[in-house]
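In the two assemblies presented below, subunit A is common to both, partnered first by subunit B and then by subunit C.
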Partner chain A sequence: MTDYEALVAKILEKAPYAEGEVRRERRIEFRISPDRIRDFLKLLKDNGFELLLQITAVDWPDRGEIELIYQVFSITHRTHTFVRTAIPRDNSVVPTVMDIYPVAETYERDAHEFFQVVFEGNPKLEMPWILEEEDKEAGLSYRKDFDMLGYVKRKYKILDRFDEDKGTYVI
Partner chain B sequence: MVSQSELIREARENGMDLLPLDKDTYELFFGPQHMATENYSIILKMDGNRVVKAIANPGFLHRGFEKLAEYRPWHTNIALLLRVCVPEPDVPEVIYSMAVEEILGWEVPERAQWIRTTVLEMARVSAYLFWTMGMAFKLGVYTAGQWAAAYRERFMALFEQLTGARVYHIYTIPGGVRRDIPSDAWLRRLRDTVEYIKSKLPDFDEILFENYITHRRLEGIGVMDRKFALDEGVTGPNLRATGVPYDVRRVDPYLLYPELDFEVPVLKDGDALARVMVRRFEIEQDLYILEQLLDMGPPSGPYKVEDPRLKNLPRFKVPAGDAFAHVESTKGDFGAYVVSDGKNKPYRLQLRGPSISHGIRVIEQLLVGARIADVPVILVSLDNCPPDIDR
Partner chain C sequence: MDWKLWEPLIEFARKRSLWIVSFCTGCGGIEMPPLMTSRYDLERFGMMPNPAPRMADLFLITGYVTPKTLKRIIITYEMQPDPKYVIAHGSCTINGGIYWDAYNAIKRLDAYIPVDVYIAGCMPRPESVMEGINKMMEMIENGTADSWKRYKENYEWYKKNQDELFGEGWREKEARRWIPWIMDDLKRAEKEREKND
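Our next item is the complex of A and B:
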């Protein structure tokens, strides 16, 4: 049985720049600044956190930042870990971690394509992932300020059926 | 009739580049229509019969599920997310519901937990049968493939009685399940089906899993070692075939799994044969789990939480917060990360498909050096589900 408080304390002892807490049984969480993300993930990898399960990007326009959540699972400690970091929205650059967890290359491509987060050092960012070129030109992105209505209007040329007063489509 | 050489000459005159990339290699587009790739495309650079380089090319099934989910009320997302993985559609329903329940702080009634566990295990067996069908067809053992398809049909019929739909069940909802078990006759029928499929496993062994040709085709192909698999984030049977006993049902237990007795089959070789055999042993374990669940019987009580908020589903709100839930699917670790900002729609939802880790980089590396005839076999032995990658 893992003592989660002790586990978090042990990690924080080696990484004093981070903040951490136990969320519940088998879920722990750390918050760090983006420039230390590589050091911290390296530390986790060396301490029995083997699997990088995913990298999630969440857009918070009112806070002006994009939150990146590296979700690491430790088979040794049987614990799921959230490593949170926030980067500015208008300059979303963060170093890659693909030399620490090679699979990060795939997740970073995913986050790059949908959120335009740039992972410095990832050679495959510019390779097409899922979206077509024309979709990218339309500005399709998972960011919150993406104009879905405008995109639909442009793409399907149904401008004439859009009622500006009501703000909805007239069908 | 125009001969092929004339067509090639004509194409070259029109400026199309049909020449080999360099002197000895040529490019081969494998998929997305090829049966073995299942709506997934790989660009292969070939030197004669051997693969020199492979580039995975996903995206043919992309429907933007994660973005769409941000525009739909909480409950309606169930009907959307289950389309992510067709052979095993109950898994996205359950993980999404579990994550939402964690944010809400709901305890699901015991009866609902029993039903969910049963449904997940039924889905596992039927997904494995579906995979057996694919594997058998790629190896040319068509009889076993047709058997597997026919036995899967029995589970489809059971699902139809339980949920009203054969493939897309829309059955698990945040708070429990949509409706109760139809009758005791359904439970008897499930037990009959489990016993029937168990009695048929020796036939599969004889014709497919212990077949000399199967072993010769699969042995030593697409080998992964333990460190490579962990670095690449491989989960599920593919990871267990390299010697790591990682099973979400054991390492991060959920639903009724802590009370159930089952083994996690682990093999060490890490080749296609080990991956196939791990799945073979898994079917047995899943049938054993279903037997235990049936012996246990569904606990009495309600099958979903009784909460006044559930009366008005379009206005149903989830308090701000985030949660991650994952379960073991036949493809691996399937997770959902849900962020709520307190409104009646998810703020952000990310599905962690198991195939995203072993479907891109692993395939690109495992295929190098393989013969063209082994490419479909390696792909099916990895059992990747392309919609997981595209979402």
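Our next item is the complex of A and C:
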């Protein structure tokens, strides 16, 4: 059985710039500033955290931040790890981690397409990915200030089936 | 000879030998294995998954349809020989279902291709799919399954809707995008063969 507290303490000792905690069994969490993300992930990889599962982004308009969550899995320590970092919304640039975890290329393209986060050093960011051209032209984005419902109504011409004044939508 | 006399026999044969296009779009594809295998055994109705749309009668649209798959669905549908029938599973094909506000799922399937039978539910259980298939057979027998005729008669309207969503000339554009890729593949295969000889 892994001692998660000891594991977190060991990592934090090597990376004093980070904050970390145990959420529950098999879930640990770190918070760091975006400029140290590469150092930290390198450190994790050297310490038996072998797999990067996903990079997700959360938009927080009230805090003016986009939170990036790197989910790392460790087979050695049998734990799922969240590495959280927050970047400013209007200047969302973060260094790539492609050379540390090669699979990051895919997830970075994903986050770039839907949240317009720029991962410096990833050469494939501008390549065609999931969205089709007309969606890109319309500036589709999962950021909260994009009017998704309005876009859907325009694209599929279903204006008449929604009633804006009611609390619920009529479909 | 008057073929009208033979019509009931032909309709009976059609009804008992529906071949399905095995093009599983959306989540509903996962309901196909139980339908095909021993528990619900569709083959006792003479239904069979089938390798090419050119030999198919029945098109099962199993769930949500995105614009990208819709292009393929339309092309596959047009490749099928007449008479052809369409069954649409799930609420997603009726009004978008849980994807009612998603930018990437079409909201009404029958604006783009005609549908004979809708099966509501998210996801419909195999029993209701069987019910839908029964209904389809009934409709074939009494001649009300006429979606393929509707498609021909109202082609202008369907085409207008398709063009509105994809932009005019989408067929050519799609083909242009893929033909070079296929040609490259052919060339590569040719080279391999030469090397092996």
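Just so we're on the same page, the second predicted complex is superposed on the first by the 152 of 171 C-alpha atoms of A that agree within 3 Å, B and C clash if a C-alpha of one lies under 4 Å from a C-alpha of the other, contacts with A are read in each partner's own complex, and residues count from 1 in each chain.
The criterion applied here is as follows: contacts are C-beta pairs under 8 Å (C-beta built on N, C-alpha and C of every residue); 3 or more make two chains touch, one makes a residue touch a chain.
Remember, it's a predicted structure, so these values are computed and weren't measured experimentally.
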**Request:** Report the partner of subunit A that touches more of its residues: subunit B or subunit C.
**Result:** B
**Message:** With both complexes overlaid on chain A, does A:152 touch subunit B (first), subunit C (second), both or neither?
**Reply:** second
**Request:** Name the contact category of A:102: first (subunit B only), second (subunit C only), both, or neither.
**Result:** first
**Request:** Name the contact category of A:71: first (subunit B only), second (subunit C only), both, or neither.
**Result:** first
**Prompt:** Where on subunit A do the contacts with subunit B and the contacts with subunit C coincide?
**Reply:** 132, 148
**Item:** Residue ranges of subunit A in contact with subunit B within the complex
**Value:** 26-27, 50-54, 56, 58-59, 69, 71, 73, 75, 78, 80, 82, 101-103, 105-107, 110, 128-132, 142, 148
**Item:** Residue ranges of subunit A touching subunit C (in the complex, touch as defined)
**Value:** 132, 134-135, 140, 148-149, 151-152, 155-158, 161, 169, 171
**Prompt:** Within the complex, which stretch of subunit C touches subunit A?
**Reply:** 67-68, 95-96, 100-104, 106-108, 164-165, 167
**Message:** Under the stated contact criterion, what part of subunit B meets subunit A in this complex?
**Reply:** 57-59, 62, 66-67, 71, 230-233, 235, 244, 246, 251-252, 324, 326, 333, 335, 337, 339, 347-348, 350, 352, 356-357, 360-361, 390
